[in-house]
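Next up, some structures in structure tokens.
Note that chain A is present in both complexes that follow, paired respectively with chain B and with chain C.
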Partner chain A sequence: MDCVVTGGNVKVLAKAIHSLSRIGDELYVEPQEDGLALRSVNSSRSAYACFLFAPLFFSRYHIPSGHAFHCKMAIKSVQAVFRSLASLEKTVEKCHIKLDEQKNRLTFTLHCKHGLLKTHNLSFQDSESLQAVFDKDSCANIFIAQPRLLVDTVMHFPPSLEEVTVSVSDERMWVRNHIDEEGEQSKAMLTELCLASDEFDHFAVQSHNSVTFCLKELRGLLVFAESTGLPISMYFDEPGSPVVLSVTDSVLDGSFVLATLSDDPSLHKNNSTRARTPPPPPPDDFMNDDIDSYLIAMDTSIAPNPSATGPPTPPLANSTCSKQPVAANHRTRLHSEEEEEEEEDEASDSDRPPNKKFCSLFFGSVLPPTSQMSTQPMTGQEVLASDSEDDT
Partner chain B sequence: MPLSTQSQADDEQYVLVASLDNARNLSNILKAITFKDHAIFSATPNGLKVTVEDSKCLQANAFIQAEIFQEFTIRDDLVGFQVNLTVLLDCLNIFGGSTVPGVSTALRMCYKGYGYPLTLFLEEGGVVTVCKINTQEPEEPIDFEFCSTDVTNKVILLSESLKEAFSELDMTSEVLQITMSPSQPYFRLSTFGNSGNAHYDYPKDSDMMELFKCTKTQTNRYKMSLLKPSTKALALSCKVSVRTDSRGFLSLQYLVRNDDGQICFVEYYCCPDQEVEEE
Partner chain C sequence: MKFRGKIIDIACLNHFTRVITTISKLTKMCVLRLTPDNLFFVLSGKVANGGVSMWCELSQANFFDEYQMEGVSSEDNEICLEVTPENLSRALKTVQSAKSVKVKLTKKHCPCLTIAAELPTLSSVSRVVTHDVPVDVIPRRLWHEFKEPSMPDFDVSIYLPPLKIMKNVVDRMKNLSNFLVIEANLNGEMNLKIETDLVSVTTHFKDLGNPPWGDDASQGGGPSQSRDPEAMAEAKVDIRKLQQFLMGQQVNPSKAMCNIVHQRVVHLILLHEDVSLQYFIPAVA
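Our next item is the complex of A and B:
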């Protein structure tokens, strides 16, 4: 691999890497015919992001012919190459990315002002290609917004907030903080914003649903979208199936796929009827009964689930996970790195650990998420913990 | 207390009296060498030299020439004492170290001699604070025997270009390797960290390079932890001179311009991180 990025594109590349660092600890570098793909997935596999830079993005783009090359590396070390984001535009004239297969080094050379040359030789590991399976075009709800709109919306939520819930009707979108059923409700504060459809560039709703997903990754994408000024498209279906956020222009394409909180079928019914009535009641009742009933529903949604209450003999690996998210993450990562497909099969016929939150649906090579989800919402590889491990 | 009359009357007894209209001119430059508590002060009629050392491998000197002071009276050829630098800096900033233009702390620093405390009179907006800092037995600073006639390689760079490199240095690397050479790569900073290595190359004809005088290719490693404090001096400075001698000892000289546009110098000496080659 031998590519050269010049001028303002260096900053775009750097911003993309920084927003990928919000997702996971590793950067998957995959030079392809159709461009350079940079991907990352979080340890619990509930969030995935990919940037594809078309060959035209580069002033030179050569990839190894004959065999496909994939590697992964610590994202921190790549971030270090582009550490001073603010001055990057002013100082860096050219960035040269070159692969030395003999030495197993990926070399980033920054040609800076005043002839300063910064060379970073980074070690990498071979890896399989990282691919998420998702079909954003089949999603029922599609929105396109300028980054500013979402930035201004997200700004109202505290940095410590992990998840937001997005509900939609034909005319409006509500964004509110998600309150964990385990959290102390007396201390919980609810923040909700209502966006009218005319604030969006495109607003198409087919199913009145609410989805809950992690905010951290969304913030990561927003940083990128804001600096490039690209509009953000958002696609989602129903609770439990992923929400896809994407930015596109002629030379790059970025997609963030985030798991949403899954619903029990009983709750789902409850939820969708609720959603069909004009969703959010006035704020004061909201605190009193709506959230309560919602939370109760969430609560009971765990109990009646046969697989959750079922025999406490899930495969050893999974059973140890539920109470120890850290260990669990570790396991998933180790286990699933190179064998997503295998794991997928294994996971789908194993029982899921009881207190799961997000379904990680994207690595399913088995069935398209939509059909699978509507009939058997609990299949698919389960996420073992929310991806908050590096929230500090 | 009638401070002014008292200090006037006492002036005779002091071996050293130094006054500054703006105490920041002293505190700023002292910050550039603050990495250990103990600072050795040596005053001569030429000015004040403050020395801080670490592990017998690193020495930093700040020079404040007599001209920087509005008053600099010394009754001996050499007056030496040692004080706790952190305490001294706290005293110099006792009014908060405001950076608002037009507001400055005036300083009068007096020392009676061996066994006496260092007395600081600080005044801002008509309020006077008197600080007395106990002095300690002055230690003998290490002589690094860095002789300018033995300098093998020397470059002078605008600090701006090094600041960026130092702020980005991979701190997982234990050492910073400096290569100076009359041919490629001329002047190179390298780190060897967890995730790989990194090199920063400065060509000799860069407009950041004010002087390039390298006679021989030299590659030396210096402990990152030792060099890290010098970043403070770099941040204040406008130019830096990097020199190595035949033993691989490193001298970093920083030219610092103070609030009033006057020039002071800060100097760091550092031992290389390997057995000293035969001299």
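Our next item is the complex of A and C:
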């Protein structure tokens, strides 16, 4: 492998590696005919990201003919090559990536101003090809947004927040923080944001679903999308099947595939009916809300009972509680989509372990049964991820 | 109980956010008392807070364009809530560009202060973000714990030097000792001292001036008249408490004062046109 990246593309490459570092600890490098693929997957295999840089992205792109080469390396050491993004932009004129087969080193050479050369020789491990199986084009809900919109949305959530829930209707998208256990709910701050469809470049909803996924990886992609100014496409289907976020331009293609929490099993079974249920109403009609609906019926007078929360009066309870039906019913069951588990799920819901979250739903270890994974392309793509524990 | 307020003016929103952020730096939890005219943030001097107490008073009319509230009853027209100021501050910080912000008491999964903001967008429809901050409603029988603290019968009252300077001094002293002695006299002099086995450091401030408290103040015509203007009143305090107070300052006060009850308590007062913040740090032996 012998590639040269010049000018502003060095920064793009660096940003991509920084984004990938939000996903996992290892970078999978695969020079392919159609470009250089950089991939990463997290340890629980619930998040996967891939950047494919087309040959045109490079000013020189040679790959070994004959045998396919792929390797993985610690992403931290690659990040170190591109550590300072600011100085990178100012000083680096080109970056030369070369495989030294004698020494088994991947060499990154940065050609800086004034003839300065910085060479990093990185060791790597052989690995199998890493490839997630997903098909974004069959997703029912497709959105395209400028990165700014998503950056402004994510900003409202605290950095410590792990998961967000995205719900959609024909006209709107709601984003709210996902609170795991009910016990925590009383103390945690709930944030909800409503976006109108015309804030998106493209807004196509076929099924009114809610999906819950990790925010960290989305933030990682946003770093990349914001710096390159590329619009983000988002694809999702139903709870439990992955959400795909992608950025594309003529010379590069980035895809982030994130597992989503699967829905409550009782709802899951009635999937068809649920899809037709109306989405949550807007939480608060801003223009004309009535102060009475915010009344708290709570006895705080000199009642001897120390617990301040008395029963709410019925009419008010109705009006206020109905504000967030989805949040209330959104008891997301944690769930694995390994096939055996899935079949067991059909058989007996109550027996499954309750605490599995975000298991690797797009890295089956066998070919997916057609019934279950019918959305996935069955042709030739079943190059499945190796188990990282075995490799190390 | 009902409460709803609306802020439209961006300067008011900004100011309100700064006040709440200041409070969030001082305490994790505090009590918010709502009355028809005022909002009070109160921390009562319990042992659990290290004996520190706080009283912050805002006039609602200076912040809210609309303000409606209905207390527990017509005699007790107040609402008393335990809040986490950090949450309120975080919610408000993200909506600084809002066209309008509403703060309301709501009943969701639990009682909440809901901050609903209408954010400007390029499209025709505004973006709406709501933050539900859980609160605890405090029953009326506990209200007596959250009354305005009375002005202590202080020995010396003095204006503070610029808080930034004071902060720099205290930050450095913090590295040397856990306790700091504040002393001041009626001659406009204040000293910040630390004393350890190895080192003694004193920073002297001069010509600070002593506030003229009226007859109603406890100082009145009482001890101060007879007090030697050179005599120092002193109190030894936990340096972290003082640092916390100086660190959190986001509001640039028009007046900052300190009252010292000799070896008992330090009473710090910040006055801004529409906000007053009092902070009590107990002296340690």
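Simple rule for what comes next: the second predicted complex is superposed on the first by the 274 of 392 C-alpha atoms of A that agree within 3 Å, B and C clash if a C-alpha of one lies under 4 Å from a C-alpha of the other, contacts with A are read in each partner's own complex, and residues count from 1 in each chain.
Here, a residue touches a chain if its C-beta (ideal position, glycine included) is under 8 Å from a C-beta of that chain, and two chains touch if they have at least 3 such contacts.
A quick note: this is a predicted structure, and the numbers were derived from the prediction, not measured.
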Practice problem: Based on the superposed arrangement, let me know which partner A:L56 touches: chain B (first), chain C (second), both, or neither? | Solution: neither
Quiz item: For A:D198, is the partner it touches chain B (first), chain C (second), both, or none of the two (neither)?
Solution: second
Quiz item: Given the touch rule stated above, what does A:S123 touch, chain B (first), chain C (second), both, or neither?
Solution: first
Practice problem: Pick one for A:A74: touches chain B only (first), chain C only (second), both, or neither. | Solution: first
Quiz item: Should A:T91 be classified as contacting the first partner (chain B), the second (chain C), both, or neither?
Solution: first
Exercise. Mind listing the chain A positions that touch chain C in their complex?
Key: 152, 155-156, 158, 185-196, 198-199, 282-284, 286, 291-292, 294-298, 300-303, 306, 308-309, 312, 316-317, 320-321, 323-324, 327-328
Quiz item: Which chain C residues qualify as touching chain A in the complex?
Solution: 1-4, 68, 72-73, 80, 87, 90-91, 94-95, 102, 104-112, 114, 116, 118-119, 121-134, 136-141
Quiz prompt | Complex contact set, residues of chain B against chain A | solution = 161, 164-165, 167-168, 170, 193-203, 205-208
Practice problem: Give every residue of chain A touching chain B within the complex, in rising order. | Solution: 73-74, 76-77, 80, 83-84, 87, 91, 105, 114-123
